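In the two assemblies presented below, subunit A is common to both, partnered first by subunit B and then by subunit C.
Coming up: the complex of A and B.
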């Protein structure tokens, strides 16, 4: 009897030894992101997301690797092309870059799992490719006009409500030896936001038509916008050496009150409202409409600021991926962010400047994604190169745009 | 009696003597070129002790106060200790896999010359002209296939593959500059091929070996792209990856802290250069680039 009891006990112990590790098995998700989880204000959201998600989901271990920029983009590109060494989840701005990965069959379709997660339509649109949803975008960046309120007040200037007024205000600032706009065009991409707005204000959503090859990139609206841009450059609105200033220099010009306006993304809200970074009073406004133009003030340029997509290697851990994505889109996680514009409903903007940017985002009826993220990768660098030529006073901007159109024809097909 | 040109021999120039214009122009050009190299090295020191606001207003002025906060923050975030061990493994691995094969190959190509060895030499040399970026994708695929991806050997083995061709060229030139009589004398004294190489020729190639060790170390220390692509686990991140994480996170927004990280990351190679510059110069001048 004792022997039988002993054998039974041993069998039970053996079963427990075998079963317990299985039941207590940790799921591991590898997440590649941009920001460090060091608790700095700029990285507060990611820090809180990783820490709190793990605390609330003890069965999942997050192996978060911060790769920065361009590290994240470079590494993702290579691993996606190789099809091996992929993370489970990676940070992305969505758009055509993410779409390319989806076309290559590297991403996991999460439409059924995340389709009902509340969030702004624009953010969801950025993470959607060919009708399939591949991730979430808890934060959205929009381009607008950062205005030095102190300079405007001291000079009796109002916020421009039309492009004409914009020009008048810039002339007045120039006359008082204040640089109207900070830009940082030495880095090439910073000049894009203004060009997108000017083109939209001249021709409405002409970009979507050009991207769909129903209009040319040297169409009237593109050319007029480029000519106006070049005229502003010639008038010195961007300083004497706009091509010698990097994006960091542009920030310094705003931070020290040497420039009065900066047309850039709302990601700068945290910086421009930080007393550690600037002692200037800075506001955020929508880019104005144009008299006789087609694009209304409610056409907003922008794209995902922080987004996550999942790869196919995580297919066996889909449930854990969905839990992570849903938590990333939760009010709890998004509340930790001190500066970005949230696309999660009900999240209160953390600063007055972000509130202003959120209000502008709230008025958006059409959101046009960054062209250099939404066109095929083969033409995005030449696009920014083309915009840089507008900063050279003697450039024939129409010829530059025609050259770009020829490249677009080669890579995207001819206009139908 | 011949007259010395101005300045030569340290003699005092007679009054009213003409300035040596070509020498002055060359000197000015050299000073400008030297400044172009030296000034960027010193610029971070101008920024690193400032707050962000102080930097915004007075980037080019001397700091009002010496603050070490930026170094402390950079040091903490980079987690130097963790990255240092990985980087040392990569550096030592790169040296071990580059220098001995390159020395052996260089010796063979210098001393046992035939049509066959010449062809093989030029085939190896061709590898020197292949940029890393061009082969990054197939290299990564191959590493995954060999289970070398996300390992430290996965970083230093490709480094060695890219380095061997260059160092073979250097060793070959160096060995060719050594007198043949030394090897022949060793042979007469009964030394075999290996004995001649290890006991006679390799010690004579000391300056080239020191040069190779130092420069392979510096290049492995500074590597970013290969490490970025090959390593995915944070635990295996090298110094440069950790510094890049930091720089990418604070770059344009926080120049003083960025400068601190740049100084920390550059310090070991700068110190190594200062300590070993005599060897580097000797190695370069002692025939390493001749022939």
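Coming up: the complex of A and C.
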């Protein structure tokens, strides 16, 4: 009996010896993201991504840390600077911010592993820096014009097909005591989308030239766009007190039918199509072209909405990282998103509004990334500060832009 | 070695050992970061390992920069108005609570102090809730009673009003501590003095001017210095309420430091702002110590 017990014990020990190394092969990936994995519709994609990936990949444990906004950006920046405490994967919009990390040698080049993953060229471009691909962007945001179709119909207005018509429509809305545009410029960044469009419509892709230091930021197109912007502010298109209006206020103005249009990112599709958020009928349209201008209606402003990049600390677990990235770009994961425009082929838009935004995105011949994500970080806050000065009626916008150009010269070099 | 010498040496070793943790903690968490900040202020650095010495360029950039000059002006203005408004207000409230002491004095003291213990995020949200032109209480009330002149004011979005809107909220938030501090000092004034003053016919105002103010001049000076140093380091409330805008209307040195370091990736410039704040604070702290000594001697 004792002998049997001894043999049984030995068998158990042997089993443990065999099983323990297998258990030790369990991989762990630390992922830093912005949103909580809770029941909020805005967080549905991230929630499903983490939960489903974990279920489908039992050999990988995901340690997901939600850091919020600007917590994610701040903590990522600090740890990238310190070079320690980095996550394996982090959520990013790509562009120059991610490029700075790549230049500092903190990121893992995934070109060979993810180059063939199907997705929109614009999304891949946002996650590419100096020819190398550092991650994936399953969702892409574009800026366009959210229009309260109910207000337009009730007032016999058509969707503007030129900037001139835009102005006429805005005048008519103003005359009827309806705020033409919701904006939220108290938060500084919301005014950028319109300025990007106006500058593009005046001068074409002049921004790329200025960013490459082949044109000044106070050249004719930038100044004319700023002057038109300021004229619209003075005419009250953004309400009587546009600098007291935060981005959340702007959303409420649209949701309650107090404002007729909102030029912002397609990330608002989920809310603007939700009956819990608004009872208004809202559509999404491309920003129109300008008579005599250079930028066509197919020049679209936008950037990554949700993207992921990997750091070098994950080099030993590259296979697991690539599996995560590929799953993030899968139709299964993307299908959980209730509003964003997906860059994953074949994913059905979750609402009519997202379909409209996806259609606009589909017409894009040139995608210009958000200037405040694409320029070197040293000039991005001053850029948004400069745009906010357009909302002050007494500002000399040309002088503001010259001041910004001087800062750009200091940080990006003089125009060649 | 004599017994006395051995005892003295043992005591010295004991004292050194006792001091060591505190000195080490100060060195690691205070003096080293200060030294690093000074060093970094002479470098050009994005924080990603590309630091290069650039002399005084960061300081030249800052002092030639409109935003920094605006921030500097704002913190001094803030300090000035804190001394002119917050300190007298704190005195007035604390003196009233002491002079007219009754059953609700303790509750009132708690009420005044409440804002001081609220997180600044909550205070800022309440401030926006009051002053916002789109959905603020003040604007809604003004519209309700047809005070169109008030409804038209954009307290947060108008560059000429934003500073005052933030300052108003700050006054509510920050005056609680001076009130408690002054009340504690006023309570130490012997009751006999007040009775004697009353017998001599001194009313409330005369009693305050001739007896209370001279007796609390030392804590008043300390509070003044704390307010000035607090103004120099100001960050949370203006950042949360206005992000320093509109334009540069509510920018402070703290906001500029944050933007330079964590948004613009200009660690060198951010460190230079930190050095300016440190040096200005040091000047006023030295003044505080000097007053403290004099105050201590006087008392």
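Methods note: the second predicted complex is superposed on the first by the 394 of 416 C-alpha atoms of A that agree within 3 Å, B and C clash if a C-alpha of one lies under 4 Å from a C-alpha of the other, contacts with A are read in each partner's own complex, and residues count from 1 in each chain.
In this text, a contact is a pair of C-beta atoms (placed from the backbone, for glycine too) under 8 Å apart; a residue touches a chain by one contact, two chains touch by 3 or more.
Everything numeric in this text was worked out from a predicted model, so none of it was measured.
Using the contact criterion defined above for the overlaid structures, shared-chain residue A:188 touches subunit C, although it does not reach subunit B. Once the two complexes are overlaid on the shared chain, A:278 sits against subunit B while remaining clear of subunit C. Of the two partner chains, subunit C is the only one touched by A:241; subunit B is not. In the superposed model, A:380 makes contact with subunit C only, not with subunit B. Judged by the touch definition given at the top, the superposed model places A:74 against both subunit B and subunit C. When the two structures are aligned on the shared chain, A:252 is found in touch with subunit B and with subunit C. When the shared chain is aligned, no partner comes close enough to touch A:59: not subunit B, not subunit C.
When the two complexes are overlaid on their common chain A, residue A:87 makes contact with subunit B while staying clear of subunit C. For the contact definition in use here, the residues of subunit A common to its subunit B contact set and its subunit C contact set are 74, 78, 81, 246, 252. Those residues of subunit C that touch subunit A in the shared complex are 46-50, 61, 66-67, 128, 132-135, 152, 154-159, 242-243, 245-248, 259, 262-267. Here subunit A touches subunit C in the complex through residues 74, 77-78, 80-81, 83, 100-101, 103-104, 106, 186-188, 239-246, 249, 252-253, 376-382, 385, 388-389, 391-392, 395, 403, 410, going by the rule given at the top. Per the touch definition, subunit B reaches subunit A in the complex via residues 51-53, 55-57, 59, 77, 136-137, 140-141, 144, 149-150, 225, 228-229, 232-234, 241, 244-253, 255.
By the touch criterion stated above, subunit A contacts subunit B in their complex at residues 30, 34-36, 38, 40, 42-43, 63-71, 74-75, 78-79, 81-82, 84-85, 87, 246-248, 251-252, 255-256, 271, 276-279.
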